[in-house]
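These notes open a run of structures that come right after.
Same chain, two partners: chain A is paired with chain B first, then with chain C.
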Partner chain A sequence: MSWIAVASPLLLLVGWEIASATGLLRAVFFPRPTTVAEHFLRLVVDGSLPHHGGVTVMRVAWTVLLATPPAVAVGLAMGISRRTREGLDPLFAVIYPIPSVLFLPLISFLLRSAEAALVVTGAITPFFLVAYTTMTGVQQLDRTVLEAATHYGARGWRLFLKVLLPGTLPFIFTGLRLGLGYALIVLIAVEMVSARDGLGALLWLSWGILKVEEMYAALVAIALLGAFLTWGLGLLRARLLPWVEDVAGTAR
Partner chain B sequence: MPPLRSPKVLIREVSVVFKGRGSGLLALDRVSLEIEAGEFLCLVGPSGCGKSTLLRVCAGLIPQTSGEVTIQADRPGAPLTAMVFQEHALLPWRTVLDNVVFGPENRGVPEADRYARGREMLALVGLTPFAGAYPHQLSGGMKQRVGIARALANDPEVLLMDEPLAALDAQTRTIMQEELLRIWAELGKTVIYVTHSIDEALLLGDRIALLTARPGRLKQVFPVALGRPRGLEVRASPEFGALVDKIWAELREEVLRTMREEEGTRR
Partner chain C sequence: MALSIPLSLLVLWEVFSQTSILSPRYFPPPTLVAATLTRLLAGGDLWGETLVTLNRLAIAFVLAAAPGVPAGLAMGLFRPVRYAIEPYLALLYPLPKIALLPLLLIVLGVGEKAFILTGAISAFFQIVISTLGGVQTMDPRLLEVGRNYGARGIALFRKVILPATLPAILTGLRLGLGLALIAVIAVEFVTAKSGLGHLVFRYWQMLLTAEMFAAFVLVGLIGLAFTRGLRALQRRTLAWKEEIGWQ
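Moving on, here comes the complex of A and B:
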């Protein structure tokens, strides 16, 4: 990492600290970073951040588990069969751009459990992202590689398991990486409007009773969670896909 | 009269029409060829003449529209053909060794046997130290060696090679030609080898089959009366030069025809 990547956020924090301490920023709305850090630690120690954080992490995990298998299946089908692609493309084109939070009322109506409604709402955008990247993954597979694989006996389920799936895996991971980000965004938003726990709920409640320091602590926790998820997925990708030329870069 | 021997590969009146607009595109027109067991046959012709198509018909990758290809199977269970592709076509997510054993793996050869065979073939192409590497870590020449080892590991009745050296730089190609001569001498496989280089065909082949510009017809078959074992020095011999001239005289017409037709379609 270059020094500027460390220096720029540090500079921002120091500037903020000074501005809040000297009254340049109103400390009521912009408490000093050191104060936020204090509150953050207190919320960790009293168990509320671990609790809310854990709830959000579980929801993200369920969201991804719910979205990925059907998304990969649909994406593979769309990549392999032109008919499926042509059939689903217009449908996707209409549904995908709708902010998925807007589905919450409808899904809450259909599903009895508020928890299930949360997770399903969060799963919508990741589903589309993974389906699209998987489809692209199938389409970019080298035709000669496919020809050679078939020639050397990979047909039927063998072609699927030994060629199509590993060949599209880097793209599935790209979809997952984008999808994780969206899952977090949507879940936090949904937690803000309709949950009692989770980091989004903590943030919203803290704001509601003007505990601004705790709101910032929740914000920091969300940011850390997002960064941690991206980092973890990167590690998993490097571990599972040692054959990808540049693991840190875009999928090839 | 000599006893009737059936050839290793019998290509009889093979035609291929690619479906498209109107009546389709005639790619191969009644090509007949016989290849003896252990023979190294080179297919030469202008680009687009259908030499790769003929090879793919032999491999069963493209169905012929009419005619037939018969391959004499001598060993039960062995695959009839194994192909070396121009663009190596290795599976990027498999290590070198796992690429090499891909054919036997799909045929259900027990793990120990296929890996033993795979290692043997890797040793033959000189890549033992790279067994655990991934294709993207290898140079072009090394990838093509893996492609050759993969084909050999499948132990086919006939080895098919589709311009395997065309994508390599000139120096690597020369080294690989020597390697091919050595490997072929060691294994004595029947080979059908597509190339656009007369030099390469003469260096490697027992006979050279020349195809016409599209639609591909068999124009002429040249026996290569150069001794074996053959090395690169053979290129300096007067016989070699005479053969190059003779074949080029025939090929040149076809290349010019192809160029004229391309001009025509562009207009």
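Moving on, here comes the complex of A and C:
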């Protein structure tokens, strides 16, 4: 049955190739897949795709690095202390639903470096998602485990490293997985508006000068990056957390 | 008590801004932002832009939900359909849909169609994935019981499958709406010449910061109203379900 999974995209690509080659589809808008592949390869060889791709990957990495530690800390605090949770809840409730692209102006007032503003803007939604999932993770921890740990003298850092972190890690990962998706949306959008490099900028600039084939190549690169991030995070999860399934339920 | 942290932050901001510790040019005091918001709302311009954004959002959402829910159900219920669609889903679901904007602008021309479709595609994939997940995680015992009592075809679908997957469908719709809002605002911010997203961008470029913050606050209030409203709706429709999640 799974031959369909291979045949279906293949059929689409072949159909597209024929339709563009025969003029059924306007090749100006829909260049043949082989042409797009050619341009993709050319951009890889001349170094522009590796450059732009590398810039975007670095930005994604920075958003994760910036968002995760404070988000885990805030999430733990919110999970442990009811007062913190109730204090921060209204703040989160107002800020979280704001599409984070809109934070770009505000953050670029705060930070003089355009690059930093871009990355911090991308880090906002992952921050909230990881904070929320971490909080949920703490709340679902088995109380007896916590009590046993404190009985055996685990406190402070030890309690955090040996009990709280492993217990909430699956939840943190769920937050990261969701957060990465949102971070990528925001980063690509922000690159489109205000960056000179990165895949979003490449995409937007090649549209601006109507280099349609290069636009498609950039789009393919972005799709591959998205798929690769999902896949990589899945691998990392399987490595670090072999004992649990993805806790998708918390995110729903 | 619950509002003490946000309120104290606002007070701090007010004081810092008034005393120029925080540059009032870039961070106007909250009282000024509130006054500006009231003025802009009274003037009527802001309503127009809000309606433009909400209108785009509504059309995008309907365009996504109408095919999205049936597609997710069909994928869950019929294996060949799932095998045929899954590869596209695997590649396109992690793609930030805003990246499709230039393509849509080329194919459909610069205009509403391309803006709205970007939002619709954003929501569509989430709705399909959530619905599919709902069917796949359905308790198989429910199906067996239904069949044993003679439910088949449409009856089985209406009485068993649909109620069992409804929570997942509603979650998909809620997340989809949120993604559509992100996409519509991003499209407005990047390229459209109207809507709240564009307004924030324009005020930013003109350095009208009080106006910019006012538009920003309005987006926040709309987002808050949406999340609260949808959660209430979900709780109502699914009175038999426990709390569904935090988002």
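Note that the second predicted complex is superposed on the first by the 234 of 252 C-alpha atoms of A that agree within 3 Å, B and C clash if a C-alpha of one lies under 4 Å from a C-alpha of the other, contacts with A are read in each partner's own complex, and residues count from 1 in each chain.
The rule we apply is simple: contacts are C-beta pairs under 8 Å (C-beta built on N, C-alpha and C of every residue); 3 or more make two chains touch, one makes a residue touch a chain.
Note that the structure is a prediction, hence the values are computed from the model and not measured.
Of the two partner chains placed around the shared chain by superposition, chain B is the only one that A:L241 touches, whereas chain C remains out of contact. In the superposition on chain A, A:L65 makes contact with neither chain B nor chain C. Of the two partner chains placed around the shared chain by superposition, chain C is the only one that A:G87 touches, whereas chain B remains out of contact. Looking at the shared chain after the overlay, A:L41 reaches neither chain B nor chain C. In the superposition on chain A, A:L169 contacts chain B only, with no contact to chain C.
Using the contact criterion defined above for the overlaid structures, shared-chain residue A:A149 touches chain B, although it does not reach chain C. By the document's definition of touching, of the two partners only chain C reaches A:V212; chain B does not.
By the touch criterion defined above, A:L161 reaches neither chain B nor chain C.
Counting the residues of chain A touched by each of chain B and chain C gives the higher count for C. In the superposition on chain A, A:S8 makes contact with chain C only, while chain B stays out of contact range.
On the side of chain A, the complex with chain B involves touching residues 142, 144-145, 147-154, 158, 162-163, 166-167, 169, 241-243, 245. Across the interface of their complex, chain C is touched by residues 1-2, 4-6, 8-9, 29-30, 86-91, 93-102, 104-106, 109-110, 132, 135-136, 181-182, 184-189, 192-193, 199-200, 203-204, 206-207, 210, 212, 215-216, 218-219, 222-223, 226-227, 229-230, 248-252 of chain A. Within the complex formed with chain A, the residues of chain B that make contact are 59, 61, 79, 82-83, 85-87, 89-95, 102-103, 105-107, 134-136, 150, 154.
Chain C contributes residues 1-6, 9, 23, 26-27, 79-80, 83-88, 90-92, 94-103, 105-107, 130, 133, 168, 171, 175, 178, 181-183, 185-186, 189-190, 197, 200-201, 203-204, 209, 212-213, 216, 219-221, 223-224, 226-227, 244-247 to its touches with chain A in the complex.
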